[in-house]
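What follows is a pair of complexes built around chain A, which joins chain B in one and chain C in the other.
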Partner chain A sequence: MDPMLNEESSYAPKQTYFSPYAMNGGTCLAIAGEDFVVVGSDTRLSQGFSIFTRDLPKTYKLTTSTVLGACGFHGDVLTLTKVLNARLKMFEHEHHKKMTTSEIAAMLSTMLYHRRFFPYYVYNLIAGLDEEGKGVVYSFDPVGSYGSDGYRARGSAAAMLQPLLDNQIGLKNQQNVQRVSLSKEKVVNLVKDVFISAAERDIYTGDAVVVHVITKDGTTTERFPLRRD
Partner chain B sequence: MALADVCGLKTNQLKNSFLSDFGGSSTHLLDDALTSTTNFTVPYGIDPVESLKEFTNPKSDVKIHFDHGTTTLAFKFQHGVIVAVDSRATAGPSIESQTVKKVIEINPYLLGTMAGGAADCAYWERVLARQCRIYELRNKERISVAAASKLLANIVYNYKGMGLSMGTMICGWDKRGPGLYYVDSDGERMSNNIYSVGSGSVYAYGVLDSGYRYDLSVEEAIDLGRRSIYHATHRDAYSGGVVNLYHMKESGWEFISQTDVFDLHYQYKAEKEKK
Partner chain C sequence: MASTLLAETPRGGFSFENCCRNQFFEQKGIKAPTAYKTGTTIVGLVYKDGVVLGADTRATEDTVVADKNCSKIHYISDNIYCCGAGTAADTEMTTQMISSQLELHRLNTGRTPRVCTANRLLKQMLFRYQGHISAALVLGGVDSTGPHLYSVYPHGSTDKLPYVTMGSGSLAAMAVFERGFKPNMEKEEAKKLVRDAIAAGIFNDLGSGSNVDVCVITKDKVDYIRPFDEANLKGQRQGSYRYKKGTTAVLKTEVKKIPFEVVKKTVRAEPMETV
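For the complex of A and B:
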């Protein structure tokens, strides 16, 4: 067989590049209230044009008052949550108390930075109640830079959701508006609406939304269906 | 750890036995996370600088965007040092936050600013804060601004070429008076009276240089700092948010104000129209 005639085989060297990362999609968001935090995420796991599963929430309970939202590369999300949970247990064994939300956020920042030269491809959100019982949301970049916000969206549809949250919750760039503190029910309805909109326009977001509401009495979880297309 | 060394406690043995249960080197990637050593995880057999470049390449599928931060300035004058910064963080084309704290309070008499990679600045300035505290405990006196800036410069020099992005100004007041040093991730360390760092620094320098005199009053200096940052945020897409202003005095730093550039725009416009 003459290799020159056969279009499929060729003796020219081919370069392939192994990428240790993949993009698994998904969106999560968190909104802090006076004495509660609402954390929501969709449940779709995908890669490229395939859906791997419709039942994988991107939120992980860390303690009774803190929830982690993590989207990006699912392999790194799994390892990060495994190590985070191990570090939480180590803290409890050493100090005989549970880590507070701000302590978890500071620890996650250094954990992420220690992988500065081989980052965890994960966009994180830590949401919980602070020592005074007020809601707080911390958002991270992949290498550990973090800050607290009142609300934040992360993941594939974040660029669509964040401006909507800026308008409805932050009341940004609106003149003469009354700042009213939002009730839990209003926030949960807003989260539902926001995910419905995200599922309309982002292919990686859909299937279902899982919403956690964290208050001093504990965490309640609800699940709502979304478009499965 | 210093105390462990003094007591003769060998912590290496403890660490090794913990890890050997898992089979030693197979948990290389998790070593730092579980036992928080100061080693950084680096991918096997791949040059970390080259592999990180993949993520800033617009054609790649996986785009990891790090938060970058950008217009900061500081200047010395007869009443101390004025430090003014913006508060916008961008990740690629997206504005991640308009409320980033770019002045890092190292201790009551030392301030550090953040420009470049947000995580890099925040992490290494926190390491600097720890080193300054250790110096105080060992030497029973405050660290000088020159020594603090040199500590930071030497630390980041070890990572030169590996892709750290950090342009910071270390400001303080010590025995020699007000101090201002510029330190960056290329290993530069310089001292002068006026510095501006970041993508908007070119615009800030214009306003700063035209209004600067060593004998400014405190109010004039504060106004100059604020105005310079405003002009940088007006023209630089990567700067914006609010202007955070600090005044470094002999008794330590004082937080002066936080003003939204939106309000400053209309304030300066009104002033121009009055003339």
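For the complex of A and C:
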């Protein structure tokens, strides 16, 4: 069958496809320690081959001890955080106490599954301190399946970062290594290095990295530049 | 006959053996592997004494950077260079093919090749392949008739202009050119404008990145400056990621003596040194 003969279809009416979703790029990751959590994200918002803004972190503070990292379709990220913050306030008014990290994670899961048949196109990470003060990271898929991990990367460069974290934090594929508990400084340096590498090879990651360190004393935020190309 | 004994000299050109099989795969829903594209910003401009060509240095495979420092300004002849955008293999092979044809032509005529000749050869070849060779080129050079600059599109059309941009970052680069171009610029001015145009592509287009390469062609010489501007450096690594010996477990150690024969022994007197 001569493939050229099928070219006549160029005269037929074309069906245009409207997609309610868009991919806005960006990467976030979270690492849990003994008594702290480190959450980092890049600050680039893009679509296709264009950059929308270089200054939009993908992390959102929910409470003093919990941070949400959300990447994917920015429109859904905005709505999701709006609804999440409203629900947090409602909980506080009803129960006279702040939601804990595991409670927020469970609530987010039900919120996402509620939209099972027209999902929020968002890849979420909830990171914070649990009731005992230990660091914990929950990662979600767009329809609400979640589980706690010690570390997780999400977003456009997740596939590049996750194996590196598996090796350096999970100590996978290394024999004869002592499991030492990681200090805050080492983890923050690792996050910086890992984002530098991601910015080299992923076109959607770059501009700057925002790193939050959550401890029982509060949250410190650090920001440093990345490649802008 | 006994053709198995006589090796056939390979015929030039493209081989279409896999077409049927590939069509069958597509029907079955198996996707073809994606080619390495050069996202790219390439530009060219004519100034007082000649032509300045510029290019970024990033090659992408979909959204992953495949090469952080690839060379997009290709040699066509001593006085003609060509920047290439589109599928990397296509631009590489096409420019090499035309370069070789031009060299034979030069030997035949005994004259320095003209830019319009290279342009003709390129457009005739690309048109023959109806756009399936995805090569968008900026061709520039100086010959006996002066400096010339052409842009060549994948389907075979060409434009002869004083300043051109191609590639995914062409809009960003053209914006800079439209603002800053004047006829008969000085060399340093022209180089700076080209650098600014490529930088606009590098920072505003995600398909382009890394460094700026520049090639200045004049009547007497060619200045291939690679890199002209290292606009993006890798961040400083904070930690050390070296692995200790034994991280990959040693399962078995065997020391074998290598048997060797002593063939020659030389004894030489050396004076004692007392230092």
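Things to note:
Definition applied: the second predicted complex is superposed on the first by the 217 of 229 C-alpha atoms of A that agree within 3 Å, B and C clash if a C-alpha of one lies under 4 Å from a C-alpha of the other, contacts with A are read in each partner's own complex, and residues count from 1 in each chain.
Basically, a residue touches a chain if its C-beta (ideal position, glycine included) is under 8 Å from a C-beta of that chain, and two chains touch if they have at least 3 such contacts.
Predicted model only: the values in this text are computed from it and were never measured.
In the model built by aligning both structures on chain A, chain B fits alongside chain C without clashing. Once chain A of one complex is fitted onto chain A of the other, the partner contacts of A:Val38 are absent, as it touches neither chain B nor chain C. In the superposition on chain A, A:Val210 makes contact with neither chain B nor chain C. In the superposition on chain A, A:Leu161 makes contact with neither chain B nor chain C.
When both complexes are overlaid on chain A, the residue A:Leu62 reaches neither chain B nor chain C.
Aligning both complexes on chain A leaves chain B and chain C separated at their closest CA atoms by 8 Å. Interface of chain A with chain B (complex): residues 19-23, 73, 79, 83, 86-87, 90, 109-119, 121, 139, 141-147, 149, 159. By the touch criterion stated above, chain B contacts chain A in their complex at residues 29-30, 32-34, 36, 39-43, 48, 51-52, 54-55, 61-62, 64-67, 89, 91, 94, 96-97, 99-101, 117-120, 122-123, 162-164. By the touch criterion stated above, chain C contacts chain A in their complex at residues 23, 39, 58, 60, 63-65, 68, 168, 202-210, 231-239, 241, 243-244, 246-249.
Listed in rising order, the residues of chain A touching chain C in the complex are 3, 46, 48-51, 156, 168, 174-177, 186, 189-190, 192-193, 196, 199-204, 225-229.
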